Amino acid sequence: MILGPRFTDDLADLPTSKFGPSSLTWWGIIGYMVIEGVGFALAFAVYFFLMGHEQGWPPEGRLPPDLLAGTIFTIVILLSEIPNTMIKKAARAGDVPTIRLLMPVMVAVGVALLVIRGFEFNSLNCLWSDNAYASIIWTLLVLHAAHLGTDWADTVVLWALMATPLGYEPRRLVDTDENSLYWRYVWLLWIPIYLMIYWVPRL
Amino acid sequence: MTDVRADTFDAMPTRESERERVEAENRRLAEERKRIARDGPKLKGAKLAARLDAAWNRPPGIIGWLATVDHKEIGRRYILTALGFLVLGGIMALIMRLQLAKPDNGMIGAERYNQLFSMHGSTMMFLFAVPVMEGVAVYMIPLMLGTRSTAFPRLNAFSYFMYLFGGLMLWIAFVLNMAPDVGWFEYTPLSGPQYSPGKHTDIWAQMVTYTEVAALAAAVVLVCTILKARAPGMTLARMPLFAWAMLVVGIMIIFAMPAVALVTTVLLIPDRLVGTQFFNAAEGGDALLFQHMFWFFGHPEVYIIFLPATGFVSVIVETFCRRPVFAHPVVVLALISTGILSFGLWVHHMFATGLPRVGYSFFTAASMSVSIPTGLQIFCWLATMWDGKPRFQVPMLYVVGFIVTFVIGGLTGVILASVPLDLQLHDTYFVVAHFHYVLIGGAVFPLLGIFTYWYPKITGRMMSETLGKIGFWLVFLGFHTTFLPMHWSGMLGMPRRVYTYPAGLGLELPNLISTIGSFVLAFGVVLFVVNGVLSLYRGVIAGPNPWGAASLEWATSSPPPVYNFEHIPIVESSTPLWDLDGELPVATGLRVDQKEMLLTTVVAAAPDLREPVPQASLWPFIAACAVGLVFAASIFSAWAVPFGLIPCGIALIAWFWPKDMQRKPEPEIS
Amino acid sequence: MSSRFRVRLALFGAGALTLGACDREEHHSRAKPVGETVPGGESPDTIFPGTSSAPPLDARAKLYDNNANAIAMGQTLYTQMNCVGCHSHGGGGMGPPLMDDEWRYGGRIDQIATTIAEGRPNGMPAWRGKLTEHQIWDLAAYVRSLSGLPSKDAVSSRTESMSTGTPQTLTPHGDIKNSDTAQQ
Amino acid sequence: MSGRRYARAALLPLLLGACSYQHYQSDFGAAATEDRQFLTLFWIFMAVCGVMYALVIAFLIAGLAHRRTEAEANVVETGRHHRSHPLMRTTLIGWTALIGVGLAALAIASFFADRSMAEAATNEKLSITLTGNQWWWDIVYNSNDASKTMRTANELHLPVGVPTRILLNSADVIHSLWIPSLGGKQDLIPGRQNDITFVPQKIGIFRGQCAEFCGTQHAHMALVVVVQSYPDFIKWWDHQLQPAVAPRTPLQLAGYQYVTNGPCSACHNIGGTPASGTVAPDLTHLASRKSLAASTMPMSEGNLYGWVEDPQSLKPGVKMPTIGLEPDKLHAVVAYLETLK
C-alpha cells in the first residue's frame, strides 16, 4: 500500500535558476575542475619525481626552453582576465548586450593564445622522445593546450548561444558566469606550469 | 545569492527598442507561467500519474532505448552488464583453478594462463566491482533521497555507454587473441614498448581509460545528486548511510581515478605509441613511477569497492534489526576517515621495491590505522544487532557471512601492513587469499544481500527465500573452501601469477581443495542467478514495502514509476517511514507537463530551486561512440586524437545545444 | 526489437577490431617451415638491381613481416648479436646504414634474411649456423622496420635503453630502392 | 569417542599436507635468521589477530542469540527504535581503545623486527650480484681479488652462518628474488640496485622463485639454493673457478665443436672455450648444477636431451630457440654438456 500524501508545502514559487553553489551545473563544473586539478597535480608530481632522478635539470647538454613565446602567452592569458571579469559581472547583472559585445573578444584571445602555444612547442629546445625531462615538459604543455582548447571551444559555443534570443534566458547567464569561472581556472593552472617549464630548469 | 528570475530583467540596461521587446516578452512569459500545470491537492492520484507518465516516459523503440536518461533504466543496465562481466571473470577464474588443480598441469599454456589472470583481474576490478556499485547507486540513490532523477541524467547515460564500450573492447580483443597478458597492474617495463610488442597492452590501457571516464562521470552525477537533490528536510545528518557511503566514494573516485587515467593514457600509451621516456631508466625515467601512480589509484580503488558495500550492510542491518544503525555519526566519520586514510597507504604495495625504510614505517602505521574506522563500523553493526531483534532472512544471512569473512580479510590486512611480514607474504597466495576475503567477503557478500533486498523494489516481486538460503550456504562454504587454503599455499611458497607449480612443495593439497571450493562457490552464484531469473516470473508480488523498511525508496510503488514519486516527500527524521502517522508529508508545485526536479540546499536540504530535467536524447550515445572511437583508434595512431576530437566536439555541442530556439516561460532542456 | 540492433553493433565492433588484429599479435615460439626449411640457398639469393625479374616472395614472409613479436625479438637479437657494432642503431658505420631506403641486396624480408644468413662481401658475416632460421627471420623483420617498412602498429616505439632518435613508430614510411651500387 | 576419531580423520590430510615435505620452499623453513624472525613476528600477529577475531565473533553470536522480550522486538511500532542500550557507548569507547592498543603493539613489534633485520644487513661477509633475466638468474660471486670473481647461473650456494648480501639488478623487466625458507623478498628493478641479506642457519637445499610477474615463463624462473658448510662452500667456489674440462671421447669432441662454434656459442659462455656469449646462462659447470633451465626440471641426461632438442615445448616462450638438431649432433652435444661438471 502506497502511503497517502499529506500536503504540507508548495514549491511552485521557487526560482528556476540561481548563480553560484545553488546551481547544479556549478557543482558539476567544480567536480570536473577537481578531476582536472588532481590530474594536473599528479602530472606536477611526476615532473618533480623525474627531476629528483636527474643530475641536472634539464639533463646535461640541453638548453632550457626559450622564454619569449611562453612569457608572451603568460602575459596575454593574465590580461584576458580583464574582459573575463567584465563578462562575469555582466552575467550577474543580467546585462546581455555587454556579454554579446565581449564574448568575441574572449574568443579572439583564445585564438591568439592557441597560436602562441604553437610557437611555445617550437621553443622547448627538445623533442618529447629525447628523455624523461623532455617527455614531461611536452606532456605538461600538451595537457594545458588541451585544457585551453576545450574551454575555448566552450566559449565559442556559448558566444553563439548568447547571440540567439535564448541569450535572455536566465540560465544562459548562469552558464556565462560559470564559463568565466572556468576560464579563471585555466589561467590559474597555467601559472605553475609556466614556472615548471620555463623557470625551474633555469634554477 | 543573486536571484535571476525572469522578472528581474526590468533592471537591464539595454537599448530602448530591444529593451521594450524583451520586457514585453517577459510579461508574456510571466502570464504563461501562471498557466503551467503543477501537482498539488487538486492534481493527484491517477490523474497526476497519467500526466507525469506522459511527461517522463521516453520515446519507444530502439531509439528510445538508446536515448533514455532514466536513472533506473541506466542503473539496471549498469547492474546487468556488470553481472555479465562477473560471470565472464568467474569463468576465467574457474579455468585457472582447473589448471592449478594439480602440479605441472599441462591443460593451459603459459601465454593463455597469463591472459586469463590478466583478464580476470581487469574484468573484476574495472568492469565488475566498481561499475556494479555505481549501477546500484545510480538506480537507488535518487529513490532513497526522494527525488525524481539524478543530476545530469545525460551524463549518466554517457557514462554507461563508455563503460560498455570499454568492456566490449577488452573482451572482443580477448576473442581475437589480442588480450592483455601482463596482469591487471601492467607494471613497466614489462608493459613497455620493448617487452610487450603488439597492441594487447594498449587495449588494456585504453579499456582503463574508458572505464575511468565512465566512473568519473558517474561519480560527478552521484555526488551532485546527493548534495543537491535530497528531499526537503533530509539534512546531511538524516541522510541514509548508503548515500553517505556513495558520497564518500564519489569524492574518492574524483581524487583517485585521475591517477590511473594519467598513468595509462598520458604516460604509458605515449611511451608505447610515440616514444616518450617516462619509464625508461636509461633516459631519466623510472619504472617505479608507474607503480607509485598505479597504487595511488589502486589502493583507494579497494575502498571505492568496499565502502558502498558497508553502505549495503548498514541498510540491511537497519531494516532487519528494526533499528537505525547504532551511532550514526560514528559510522559517517568512519566512512570519511577511511576515505581519507586510503590515500596514504599506497606504498604498502611496494614494500619489496627497496624504497627507504624510514618511509615504510609511516606506511605501516597508516595501513594499520585504517582498521580503526573499519573496526568501529563493525562494532556499530554488531551493537545494532544486539539492540534489535535480527530477522534471519537472506539479506541478513549475507551480512552475517560478511562479518565472519571480512574480519579475517581485515586482520590478514593488518599482517600484511607489517614490513617484515609483507616481505615474505607479498605477491604470494597469502595475498591472493587476503584480498579475496576483502573483496568477495567484504563487497560481494553484501552485494548479493542487497540484490536480494532491493530485488522486490526493482522488479516488484520477491526472490525465493529457500533458493536464496541454499545459495547463501553454497556461496559461503564454497568461498571459504576456495580461499582459506590459499593462506596456506602462500605460506608454503606459492607465488602469485604462476601458471603451474612443481610437485613436492606441499602445494598439491591446498590447491586441490581450492579448486573444489571454487566450483561450489560458482554453483552458489549460478543458483543466485537462477533464483533471480525464476523470481521474475514466479516471485511473490512484493508491494511497496515488503521488508517494513524505513527509507524513502520504499515509499513508492515496486517497481517505481518512471518519475519515482508522485509528490516530493518531506523528511523529518533519519528513519522517515518509521516515524509517520499514516500519511507521507509531501511538497508539491513541480510542473507536470515537463520533466522537473527539486534542488535543495547542500547541508540543511531546504528547497532551493526547481530544476528542469533533460529529455531523452541520442546525443550522449553518439558522443560516447565518438569518444570511444577516438580511444580505440589512438591505440594505433596518435593522429586519431586531433582528428577524432572533431566528431567528439560536434557530438558534445549537439548534446548541449537547445533544440528549440523559442524562449519558454520556464526553462526546459530539450 | 532492440536485440537485433545490439547484435549488429557487436558485429560491427568486432569487425572493426579484426581489421586491426591481423597477424600482428600472432606469437610463434619456433620456426614454422613453409616449403623449404633452410632459408636462402639458391633462389632468393640473387641480387636483382633495380629491376625486372624478382622471384616470388617467400611464403614465410607473412609470418614475420608486420609481426610485432618477431620484430621485437629481432630487436633484442640485434643488440645481443652486436649488430650495433657495425650498423649502429640503423645509422650505419662500418656497415651500411639500415634506416634509409636504399637496399644493396634487396629490401624484401626474404632478401634481408638471405643477407643475414649467408653474409655479404666486405664484412657482413654469415649467421647461418650461429642463429636459427627463426631468429634470422626475426632479425630480418626488425631490420626492415628500421627503415619504416612494416606497418606502424607492429613496431615498438623505443627500447629500454638510450634514446636513438626518432621513435620507430614515427619514422616516415620508406619505399624500397634497390641500389645497383653494390660496392665491390 | 568416535566423533573425535572422525575429527582426527578430517585433520589427517591437512597434517599430511603440512608434514610430508621438507619445507624446501616454504615460509616455515626457518633456514636463516631472517625467516626465524619472520616466524616469531608472524605468530605474535596471529595471536593478537586471533584474539580480536574471537571477540568479534563472540559479540556477533551474543548479539544474534540473546533473547528479547516482545516489547524489545516491536520497537518501531512503539516508537522506541531511536534508543540504544546505555552500555553501548562505553563499550564503543572500550572497543576503540582495544583496537588502538592492539595495533600499537603490533606496529611496535613490527618496527623492532624490521630494525633488527636492517642491522643484520650491515655486517656482510660475502657479496653476490644477482641479475634477473627473462627467465633465469645470472649470479656473480664478488671478490676483491679479480681472479676469484666467479660467474654462474640459476644455483646459489651460501655458506652457513655467514651474513651474505645479495645485490639485485635486472637486465630487462622487474623480477623479485624470493627464497621463502631463508626469508623475505626484494625486487630486481632495471635502473635501480636493491639488496637483500641472509644469514643462513641450516645446511640443506632450498628453492627460490621469482615473485614478481615477469612475462610468459614467470612460473619457471626459479633457482636452487644450497646452504653448505664454509669449507664445502669454498671448495665449491674454487671448483667453479676452473675452466671447463676438455672433451675426451670423439663423441664429446664432436659435441664440443658444435657447441663452441655453432648456435649455442652465440649466447652461452663456457669458460676456457671459444663459446663466450653473454646473454644466456653460463654453462662452464652446467652438469654440476642440480637443475636445468632455471629450475624448470632436475638435471638428468634425459632432461638434457629434451631441453637441447626442443626447449620451446618444455618451457614455451623461453628465449632459447629450438634448433632442430639432427640425432647425431644431439647425442654429441648432450655427451659434451654432461662432462661440464
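Read from first to last, the chains carry the letters A, B, C and D; within each, the first residue is number 1.
Please note the rule applied: a contact is a pair of C-beta atoms (placed from the backbone, for glycine too) under 8 Å apart; a residue touches a chain by one contact, two chains touch by 3 or more.
Note that the structure is a prediction, hence the values are computed from the model and not measured.
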item: Pair joined by the larger number of C-beta contacts - B-C, A-C; value: B-C
item: CA centroid of subunit B to CA centroid of subunit C, Å; value: 46
item: Centre-of-Cα separation between subunit C and subunit A, whole angstrom; value: 46
item: Centre-of-Cα separation between subunit B and subunit A, whole angstrom; value: 29
item: For subunit B paired with subunit D, centre-to-centre distance based on mean C-alpha positions, whole Å; value: 38
item: Sequence positions of subunit A contacting 2 or more other chains; value: 129-131
item: For subunit D, residues contacting two or more additional chains; value: 172, 190, 316-317
item: Residues within subunit B bordering two or more other chains; value: 111, 189, 195, 274-275, 277, 280-283, 286
item: Each pair of chains that touches, named by its two labels; value: A-B, A-C, B-C, B-D, C-D
item: Residues of subunit B that touch subunit C when the two form their complex; value: 61-62, 65, 111, 165, 168-169, 172-173, 175-178, 189, 192-195, 197-200, 271-275, 277, 280-283, 632, 635-637
item: Contact footprint of subunit A on subunit B as seen in their complex; value: 1-6, 8-9, 11-15, 18, 22, 25, 38, 40-41, 44, 151-152, 155, 216, 219-220, 223-224, 227-228, 232, 254-255, 257-259, 261-262, 266-267, 270, 274-278, 280, 283-286, 289, 292-293, 296, 543-544, 555-557, 566-568, 570, 577, 580, 582-590, 598-599, 601-602, 607-612, 649, 653, 656-658, 661-663, 666-667
item: Touch list for subunit C against partner subunit B, complex; value: 1-2, 5, 10, 13-14, 16-18, 20-21, 24-27, 68-69, 71-72, 75-76, 152-154, 156-163, 166-170
item: Complex interface listing, subunit B residues touching subunit D; value: 109-111, 114, 181-183, 187, 189-190, 195, 281-282, 286-288, 322-324, 326-327, 330, 352-354, 357, 360-361, 364-365, 368-369, 371-372, 375-376, 378-380, 382-390, 400, 403-404, 407-408, 411-412, 414-415, 417-421, 423-428, 488, 491-493, 495-501, 504-506, 508-510, 548, 550, 573, 575, 578-579
item: Subunit C-facing residues of subunit D, complex; value: 172, 190, 261-263, 265-267, 279, 310, 312, 316-317, 319, 321-324
